[in-house]
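To start, I am sharing the structure in question, which I have written as C-alpha cells.
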Amino acid sequence: MNVKEIIARRVAKELKDGDVVNLGIGLPTMVANFIPKDMDVMFQSENGFIGLGAAPEEGKEDLDLVNAGGQPVTIVPGGAFFDSATSFSIIRGGHVDATVLGALQVDEKGNLANWMVPGKMVPGMGGAMDLVVGAKKVIISMTHTAKGKPKILKECNLPLTAAGQVDMIVTEMGVMQVTKEGLVLTEINPQYSVEQVQEATEAKLIIADDLKNMEI
Amino acid sequence: MNKIVTLEEAMCHIKDGMTIMIGGFMAAGTPEKFMDALVEKGVKDLTIIGNDAGWPDRGIGKLLINKQAKKMIASHIGLNPEAGNQMNAGALEMELVPQGTLAERIRAGGNGLGGVLTPTGVGTIVEEGKQKIEVDGVEYLLEKPLKADIALISASIADKKGNLYFNKATKNFNPLMATAAEVVIVGVEKIVEVGEIDPNDVMTPGLFVDYMVEV
Amino acid sequence: MNVKEIIARRVAKELKDGDVVNLGIGLPTMVANFIPKDMDVMFQSENGFIGLGAAPEEGKEDLDLVNAGGQPVTIVPGGAFFDSATSFSIIRGGHVDATVLGALQVDEKGNLANWMVPGKMVPGMGGAMDLVVGAKKVIISMTHTAKGKPKILKECNLPLTAAGQVDMIVTEMGVMQVTKEGLVLTEINPQYSVEQVQEATEAKLIIADDLKNMEI
Amino acid sequence: MNKIVTLEEAMCHIKDGMTIMIGGFMAAGTPEKFMDALVEKGVKDLTIIGNDAGWPDRGIGKLLINKQAKKMIASHIGLNPEAGNQMNAGALEMELVPQGTLAERIRAGGNGLGGVLTPTGVGTIVEEGKQKIEVDGVEYLLEKPLKADIALISASIADKKGNLYFNKATKNFNPLMATAAEVVIVGVEKIVEVGEIDPNDVMTPGLFVDYMVEV
C-alpha cells in the first residue's frame, strides 16, 4: 500500500453515515474511494453542488458538470446543484460535517497554512478559508514531511489559512489530535517508532496513554 | 422591451477602465463567446471580478493572457500561471478573496447591504486593513460589497423576458453577479418563448437582465 | 370618478414601460387597473414573486398563490417565484423602479409614517421599511386628509417608516414633489383651488411656477 | 438515514420554552398540520419566529390564540387581532422586524455570518438599541443573526433524501429557515423517490433536512 493510500484509508474511517463532506484537491480526493459501499456519505463540491460522484467515462464528460478544480465529474442520485452563495451558506454555516484538506504547514495550535508561499506560489485560498472556519471537523491529510523537512511545526511561518481551526492530522506515520495541551499522537503506523515520528515532527508530540496502531 | 441583441451590440457597452464581473467557475458557466469578443475588441485596463483566473486558453484566462486587465478580484488563480506571473511582475493588481466572502460581497452589492460580517479570514493576512466588528463576543471581518459596471454571465436557457435557467454546475457566481452590476449581459445557449420556463424553476428573474445574446 | 380612482389613475401615469413596481395594500393596488395594455409593467409581490396578476375567477383560487395580504392572486406569463431573501434582494438592492404606498402621515422632509399608532394599531411594518429605503422612486398615494385632518405635515409625529425617502405624493387634490426646499405642488385637481389644497395641508406648499391641472 | 417519520414522532422534538421558526407567509407555505398538532400537544412558552401572526384560524395564528407563545419575532401581525391584543395586554412579547431584515437575519443565522448591515430602519424606532456601523459614509444597522431550536417548514415535493421543491408562493421563508435551526422538520405534500426531482430544480438540498412528515 502506498503512502497516500494509507492516509486516505485512515481518513475515510473518520466519516460517518449521513455525513456531508468536502474534500480538498489532491490527496484528499482519494478518501472517496475508501468509503464503505453501505455508508451514505455525500460529498460537497464548493463550486456548487452536493453529491459529487466519480469521474465520467471517457467521452461522457459534460462541460457543465465539473468539480472545484475544473475537472469533469458526475453527480450521484439525490444530489443537488446550487449557486456559490448557497454553497458557502452550507460551508460557513456549519452544515459540512467534515472537510479534508492538504497542508503546507500545520502547527500545534491547530493553525493551518495551505494557500500561499509569498513571492513564489500564490494560487489563492479558493474555498479553503471558509471550509476551515465553517466545517464541523477539519482533518488535515498529508505526507508527514516535505522533502524530509517537517510540516508539523511549533508555529506556522507561512501565511495562515485559518487560526486554530484544525481538529486532527492524518499522515502516513500516524494520527494526531489537536488539543489545548498540544498535539496528541493517538495512533501510530507500526512501521514507525514513536521516536521516528517525533523526529519527523517539529512540534513536541504528546503520546497518548492508549496509543494504538493506526487503523487502515 | 426587446432584450435580445447581437454579440456586437452587447460588446458596445464595454469600455476601457470598466469594472466587469464575469460569471463561471474554472470556465464552467463563463460566457466564452464574450471572452473571445473582448479579446478581439481589445478593451483594456479592466478590473475583473470573477471566481478565478480561468485557464490560459479558456474563460477569464484569455483576457489576462491578452493583458486586458489592470486589476483582478478573485479567490483562486492557481490554474492559470499567467495570472501569478503578471501579479508577481507587478503588471496586474491582484486582490485575493476567500471564495465564500467573494460570493457574499457580490450578493451584498446587489442586495443593498452595507457589507458582510464573516468569520472567514480572521487571524490571517486577509484581515489586514479591514474593520473588525465584535458581535456577541465573536470577531468578524467587515468585508465590503462589490458592484460592477457590467456583468457578463451565461445561462443555459432564457425566455424572452430574460428569466434565466442554469444547467448543473454552471450556476456558481452567475445568479449573484446578475444582481450586482449596472448592466447585465447574458450569453444564452437557448432562448425560448415567455412561458416556456415554469415560474417555479426560474433561477434568475428577468428583471435583473438587460441584454441577451444567443451564443 | 371617485376619489380613489382619481388617485390611482394619476399614479399609473408615473409608471414606465419595463418598470418593476411594488404596490402596497389598499388604494395602491388599484393602480394596476390603469396601466395601458401595451405597456409592460411587472408587479412584484414581496411574499415572493414577480408578475402579480389579477384576482382569480371564483372557484379557481390556488392556496399556494397569494399576495402579501394573503389573498388569492394569479401570475402573469414571464413571472417568477423566489424566496423571501431574494424578494428583498430585489427590493433593498434597488431593483424596484417604483413603490406605491399608503400613509398615515407624510411630511415636507419626505418622512413617512405608515406602520403603527402607538398603543392602538400596531400591524407591523411588513416589507414597507425595506421598500421605502430600496425602491428607486417612492410614491405615496392617499386621500389628502383623514376625517378632515391633514395627513401631510410639517413633521410626522407617528413612528417613522423611513426618514427622507418619499419622492412624491399623489392625492385627490393634486401632486406634490418632495424637494430640498420643501413640498412643491406641481399639479392640482381643477375641482380645488390652491387655497383649498393649502388649507388641507399642514406643511407649507411651494406652488410650482408651471402648476398644471392634474392629469387623470 | 430514514428521514420520514410520523407526525407524532416529529412533534416529540418540540418542548416547552423552545425557539421555533415557522415557515410560510400569511399561512401560504405554513405546515398547517404541525400547527394543529402543536395545539393538541399544548407545548407552551414558545418563542416563535415567523413572517407574520397568520390568521386567527390558520397558520401561526392558531398557536397564538391558544396562548402557546411567550414571544414572537415577526414583520407583520395586522391580520390576526389576537396578536396585537396579547401584545398590548403584555401577555406576548413582540419583536417587530422589517421583512427584508427578518429574511436576512435568518439567512445570516444559517450562513455563519455575524449579522446583517442594512440601511432599513435607520432613522426609525427600529434602530433603538442597535449598533450602527458606517461603511463608506453611509450608516447601516447591525442586525443580529437568528437561529432556532426547531424549524417547522413545509414543502410541496420532497425526495427521500430530503431534497425539497416549493410550489409557487410557498417558498417565502421556508428555504431560509431550513438553514437556521438545530432540527429541521418538513411537512411535505408528496414524498417521491430519490432521483425524481432533477438536481437542477432542488430548492433546498436534503442536507438541511432532519425529518419529514407526509401531510
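Each chain carries a letter (A, B, C and D) given by its place in the written order, and its residues are counted from 1.
In this text, a contact is a pair of C-beta atoms (placed from the backbone, for glycine too) under 8 Å apart; a residue touches a chain by one contact, two chains touch by 3 or more.
Since the model is a prediction, treat every value here as computed from it, not as a measurement.
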Which chains lie in contact with each of chain A and chain D? B
Using the contact definition given at the top, which chains are in touch with both chain C and chain D? B
Larger contact count among A-B and B-C belongs to A-B
Rounded Å distance between chain A and chain C, as computed from the means of their C-alpha atoms: 55
Calculate how many whole Å lie between the centre of chain B and the centre of chain D, each centre taken as the average of the chain's C-alpha atoms. 32
So, what's the distance in Å between the C-alpha centres of chain B and chain A? 29
As a quick test, compute the distance in whole Å between the mean CA positions of chain B and chain C. 35
When you check chain A against every other chain, which residues touch at least two of them? 49, 75, 81-82, 88, 91-92, 133-134
Chain B residues counted as touching two or more neighbouring chains: 104, 107, 112-113, 118-119, 166-168, 199-200
Name the graph shape formed by the protein chains and their touching pairs; answer line, ring, star, complete or other. other
How do the chains pair up in terms of touching? List each pair. A-B, A-D, B-C, B-D, C-D
Residues on chain A engaged by chain B in the complex (per definition of touch): 45-49, 62-66, 68-70, 75, 81-85, 87-88, 91-92, 119, 121-130, 133-134, 159-164
Contacting residues of chain B [partner chain A, same complex]: 25-29, 51-52, 55, 74-79, 84, 87-88, 94, 96, 98-104, 107, 118-126, 156, 166-176, 203
In the complex, the residues of chain B that touch chain C are 1, 107, 110-113, 159-161, 163, 179, 194-195, 199-200, 202, 205-208
List the residues on chain A that touch chain D in their complex, please. 17-18, 20, 40, 42, 44, 49-51, 75, 77-82, 88-95, 133-134
Quick check: in the complex, which residue numbers of chain B touch chain D? 104, 108, 112-119, 131, 133, 135-136, 138, 140, 142, 144, 165-168, 199-201
